[in-house]
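Okay, got some structures for you below.
Both of the next two complexes hold subunit A, though its partner changes from subunit B to subunit C.
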Partner chain A sequence: MKRLTDERAKILFEKLSKYIGTNVKQLIDRPDGTYCFREHKDRVYYVSERILKLSECFGYKQLVCVGTCFGKFSKTNKLKFHITALYYLAPYAQYKVWVKPSFEQQFLYGNHIPKSGLGRITENAGQYQGVVVYSMNDLPLGFGVLARSTTDCKTADPLTTVCFHQSDIGEYIRAEDTLF
Partner chain B sequence: MDVVKEVLAKHQKELDKYKPITVDKHLECRLDVGTLLITDPNDFDDRELRDNKEEYLTALTRENTQLLVNAIWELPTERVDESIVAKLPEPTTVLPRLRKVPGPRPLTKWEKFAKEKGITKKKKEKKTYDETMDKWVPTYGFKRAEAEKAKDWVLEVPQNVDPNTDMFQKKIDLRNEKVAKNEIQRMKNIVRAKKIDMPRSGYLGPEAASSSQLLTAVTVAKSSTASVGKFQNKLPKEKEARGLGVKELIPGGKRKQSHISQQPEKEANLDLIKSVLNKKPKLDVEKAISLQKRDDRLAREAEGADQPAKKGKPKGKGSRKAVGKKPKGNRGQRAPGKKAQAGRKRR
Partner chain C sequence: MGRKAEYSEKPKKGPGRKARKQGPPVFRKQSFAPMEEEDKKLSHRQKQRFVKREQKKVVQKAKLQEKRAKGKQTQQVRRKTAYNSDSEPEEEEAVQPQEASSDEEVPQLVPAPKTKKSAAPKGFTDDNDAWLKPKKQKKEVEPESEEDDEEEEELEEESDAELEEGSEDENGLEEEASGEEDEEEVSGEEDEEEESDDDTAQVGKLDDLSDGEANSDDDFDISGDEDAAEASSDDEDEDDDDDDDDDKLPIERANKKLKKREAKEAQLADEEMQMTVDRQDVFQLPNEEEEAEKDLTLQEVQQRIKDVTLVLSDFKKYRQADRSRGEYIDLLRRDLCLYYSYNEFLMEKLMDMFPLTELMEYLEASEVARPLTIRTNTLKTRRRDLAGALINRGVNLDPLGKWTKVGLVVFNSQVPLGATPEYLAGHYMIQGASSLLPVMALAPQENERILDMCSAPGGKGSHIASIMKNTGVLFANDSNRDRIKAIVANFHRLGIVNAVVSCEDGTKFRNIMTGFDRVLLDAPCTGTGVVSKDPSVKTTKSDVDVQRCYNLQRKLLLTAIDCVDAKSSSGGYIVYSTCSVLPEENEWVIDYALKKRNVKLVPTGLDFGVEGFTKFRQHRFHPSLNLTKRYYPHTHNMDGFYVAKLKKFSNTIPITKEQQEEDEKQLDEAIEAEADPKEAEEETEESPEEKAPRKVLGKRAGKPSLTDVEQDLKKKKLEESKTKYVAKVFEKPVKVPKKPKPEQPQEKKGKKPQENDEKTNGNATPSKAATKKSQQNGNVEASQPENKFPKKKTPIKVHVPNKLAGKKHPANGTPSPAKPDAKKKPPANASPSPAKPDARKKPPTNASSSPAKPDAKKKPPTQPKGKSSALAKAPRVDLDNVPVLEGKPIKKQNKLKQKSKQIGQLKKSKTGANAGKKQKFKK
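So, the complex of A and B:
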């Protein structure tokens, strides 16, 4: 486990702020203890300092996962969030998209959301805004990126993609081995 | 009688000269006739060893040698050129090697690649039929160059090339280049086989270097200041070289980041977040339009709601409709636990 370099920390916070905006601060500035981001084998983990101290007993090779895996840095230094990050993204999300019950399954199989599957959407979301996807009874299903701004959505025809799929809770089964 | 005695004495004298060929041993000796080796597991006689060491050892050695010779005589013998010869059996003693057993030759880079891909070598014909020359021409080796010279006695100058170029010289150059390249690859293979650390080749120049090599060169050059490039300006979308061995090239740069920093991690993170969040927002035309549209729509709705409301409600609190009972002034009871909802309910 090592600290993120400044460059990578910046990439991480920029990415986080795409989904939860100014709430990024609350991930670091928590009343219930010190939490920090750590990097292990190119993966970013969000760990409480208490757990981190315990994990220091283990060697690099023995350690598989500590805390919550937020995502993975690619070889070109781009960060890709894993579905495990949803637990922290969902409560702070500023822009949300709700999918119709009929489209829930489709989304959980990894499909983009077309206009016909869109139940509700937060106002004023711009294009390429990171959003958290909810089911109609407010269960977070995953996250994605808006393909169209909210206003464009209203005029779009039913088959156009409104939100690009990035990650969904179906990945817990589909990508079980690469997730953590 | 004297004669008999004399003969017997002489015989005895002769017998004394020759030691007996039978040897008694407490424990049997181990024999390996193949390597002409005998091992005696018996203990030394301590008293003998102390009193007359040399004689005792000589006698012991003779006895053991006798045993070995006896064993050799038991082998089938034959006579070759008036000397008796025995064929020794295979040695049974395993002798340790001085050096380790040589392993298989390490594969060259191409051989390794070919093995992975399952490429096998195709054998070429020694001679091929050349149609232009109407002759059988060697594919390689003796007299091939001669045949090629005879075939390519004239060369065409391509249209996009300067007409005065010597195409023959160009051909020779090309071949020399190939030979040199092959030589380098051969050397590299040797280096790889012997597992020697080779110094990395430096900056190869703009024509030959790959993009990652160029990037590395830029990063190294930038960090080659007294302050390890800390105060060098950055281009807007400049990338920094990463990967194996880049940090080693940077003079004065540390290989690993220290765990202990002057600023506590939390504060450093918060500072970083602040700088990320305080970026100048980009002028997003689409978002601006959508905001404008929304404001317009709200204004319109407010206008539309105002007109019918004018009849009864002179105060005109917008489009908000009273839900449930209309509160009556001065009569109601305040619920201390309940918070009043502030503003419009947002979804």
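So, the complex of A and C:
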């Protein structure tokens, strides 16, 4: 567990703000104690300071995971969010997309969302805006990036992709080996 | 075209082959013997005739008796009579019946004929008279009233006789018999006389000549006439009469006999039937040879299982006399193994645990999969909502039971339950009903620090976290790195953010962190309770596996106990659970922990389940083990499971330092030895333990036992650690004392670092993990030794090195010289005061541990032969420190080295400690 370098911290917060915008502040200033981001084996963990201290007893190799894993830095210093970050992204998400029940399963298999699968969408979201994907009964299913702005979506073809898939909860099963 | 088949129904030709033939009709006795009834209707004459007949019967009886008495002679006599047809006896013959009739029991004496002879001439005066006389005489003898009747009777009886003759023809035997009797009667009468004549032949001839000569002529004629006449009419009548009686009687008698015989036979047949029925029920134990030859179908085996269980259910009644219960049980076990495809070992264990009927239920239940259950993740949803959502997806479910608020049982589902969006969103966890139990028993509270020692795949851990509502800290540990991923994935999926997941050997956890409020130890086990989930358990497990498991479990449990803080305001609890049903892995482990640590059993808080064993076969566990709970597939419809809840009431470890180090030494031995010979070493542990005064040394408060650490560190090279860790003053790592060096030149080089290791380890661990309290204790303890030390140290110094010096050189540092040392040291060290503080522990431990060593060394030769027996005995094993064998390469070539190292350590630590203390004092 080590602190993020400034560079990486910057990358992280930029990425976060794509999805939750200004709510990033709420992740850092919390009423229930200080929480912090830490890096462990290139993965970024978000955890309470209290727990973090206790985890220091463990050796580098023994420690597997503390708190919540947000994502992983690639060798080229790019951060890729894991589906595990959804736990914190979903409540704070500013832009959301809802998929129809018929397309739920499709999305959970890693497909992009076409216009036909789109149930609802937050107003005035721009193109390439990070969004959290929900099912129609408000179950967070994953997150992605809008391929088209909200206004474009309304006029789009039923088959055109509206939202690019980035991560979905199906990965818990599909990618358990690579994820952790 | 062949014959045309005729399909019209043919009338049945006879009773079917299988139709039961009706047995012979059973008549009441009366129907065959209507005599009494007839009696009532009898006319007067008939009555009279009846009376007469009765009398005749009596006479006949008497005759018969006589005849029988002289069975052989009669035949001879008969021939004689044929020759002497003209002689006197013939006359007498005619007379004889009368006499016989008058005097039923005529004594067959010699004089009798004489009297007859004298009487006979009287009657033979007239032809008619002669013809009538005998009758008259008879009648005279008989009551007068019958005279008239007799004639009529005779007539009647003639006809009767004819009829009877006819009837007699029908049944040949009877006829023959009666005919014979008749003949015999006639001849018998003659015989009597003849006999008497013969008897008296020499004596009586003269008489005959003198007396009989006068009458002889008359007699001859008369007798001849008489004979003829009698033969023609009267005699016939009489004979017929006699025949009548004779015939009737034998028939009746025979009939009666026959009936009796029939009745008897029927009874016998009944009995036999009963017997055969019983016998068929009673199972015949097959011989071994037979069995080997036979190829049994599964059904036959099943039948045999049933039979044997029946026999065993009432052994006295059904057993075969020459077969012992053991044979039946052996057969049953083999059959069960075959039928349910268990291996003999496991089946034997199960048979030991359950009574037969329950065993069958258990085995049957183990074949059937348990219902699929899920646990609601209360962090994300409520059970009702989840149930609604799943029902919408076509899942048929129900609440699991009243004892849980989060469990749901799934009857059937149209969608895979492990891939619904709800599952992926972490609303529920697929989890056996039984795995809810230990968490419920643990009863975690919010804001506690809880350890789940063997966590993978995280089901129970996540349950704990959800009960804590993501407060506090949950440490989820598992030693298997592959399975760790499952924990992490599940925790993230279920939204658990307060968890620290680590991959550490559970047995070393106390070196990393202690002071937990609660610890859940769901120990790795043989999995005998989850046979329905993993059928391979049935065949793959052996006693070695079980042993390996419980050794590990003991270690883990002691570690778990050490990790808990007894002073915790809310907790101090340890929950131990396994998915095995074997007592070795459950009660025995708990019992062991009760002895080794300051813990007590408390109620689990689960209101159902079977009480744990307090005794099992030869084992007698602590009586409070009935507070633990067992769960069986056949009684609770969940996997076989065991839950025990322990409360730690003191942080002290009721184990002396001596013992600990003893254990340590034995541990090292065990590392050298292979997996199997463990038992032997266990045995060795027993004896020194018992000898060693238990609480001679003060309690070590709060200090984790160092054995594991030390052992580990020994394996690694930890010279660096000297600098790393802050050593306590009184145990500061010391350079090897100069004295011993020249004495043991060869060993020294290898051992120096190790000896240091030991000490540094001893110091290192507390500094790392021990609580403040423990350190305080350490300090307190440290202060004491300084006072006493110089006094006691000196004698050791003086004695030991000398001996070493004397004996080492010839033996050149091989293990053998260690023994004499060990023997001689104890007296020197045993004397010291009962309360031995920390600093002074080294010397005594060496002394005590070294005697253990020779034992251990002696054992190995015995191991191979006594492996199984040792297992069976398996005394309370002191396996606190028996190493986990996985991952530790055991090389035989290292054995010698290690041994010699240890010996070196022993000596050095002793001397070294002394030296160290010296230095310390100097400082």
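In the analysis below, the second predicted complex is superposed on the first by the 180 of 180 C-alpha atoms of A that agree within 3 Å, B and C clash if a C-alpha of one lies under 4 Å from a C-alpha of the other, contacts with A are read in each partner's own complex, and residues count from 1 in each chain.
By definition in this document, a residue touches a chain if its C-beta (ideal position, glycine included) is under 8 Å from a C-beta of that chain, and two chains touch if they have at least 3 such contacts.
All values reported here derive from a predicted model rather than from experimental measurement.
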Combined model on subunit A where subunit B meets subunit C, clash or fit: fit
Partner chain in contact with A:79 - subunit B first, subunit C second, else both or neither: neither
Which superposed partner A:156 touches (first subunit B, second subunit C, both, neither): neither
First, second, both or neither for A:64, with subunit B first and subunit C second: second
Subunit A residues touched - subunit C or subunit B, whichever exceeds: C
Partner chain(s) touched by A:24 [first = subunit B, second = subunit C, both, neither]: first
Touching partner for A:36 - first (subunit B), second (subunit C), both, neither: first
First (subunit B), second (subunit C), both or neither touched by A:14: first
Which of subunit B and subunit C A:1 touches, first, second, both or neither: neither
Minimum C-alpha separation between subunit B and subunit C after superposing on chain A, in Å: 8
Shared subunit A contacts, counted only where both subunit B and subunit C touch the same residue: none
Residue numbers on subunit C that touch subunit A, as the complex places them: 389, 418-419, 421-422, 424-426, 449, 473, 475, 484-489, 491-493, 495, 497-504, 512-513, 769
Of all residues in subunit B, those that touch subunit A in their complex: 240, 242, 257, 259, 265-266, 269-270, 272-273, 275-277, 284, 286-287, 289-291, 293-294, 347
In the complex with subunit C, residue positions of subunit A that touch it: 46-48, 50-51, 54-55, 57-58, 61-69, 83-84, 87, 104-105, 108, 135, 137, 139-141, 169-170, 172-173, 176-177, 179-180
Interface residues, subunit A side, partner subunit B - complex: 2-3, 5-7, 9-10, 13-14, 17, 21-22, 24-25, 28-29, 34, 36-37, 77, 120, 123-124, 126-127, 149-152
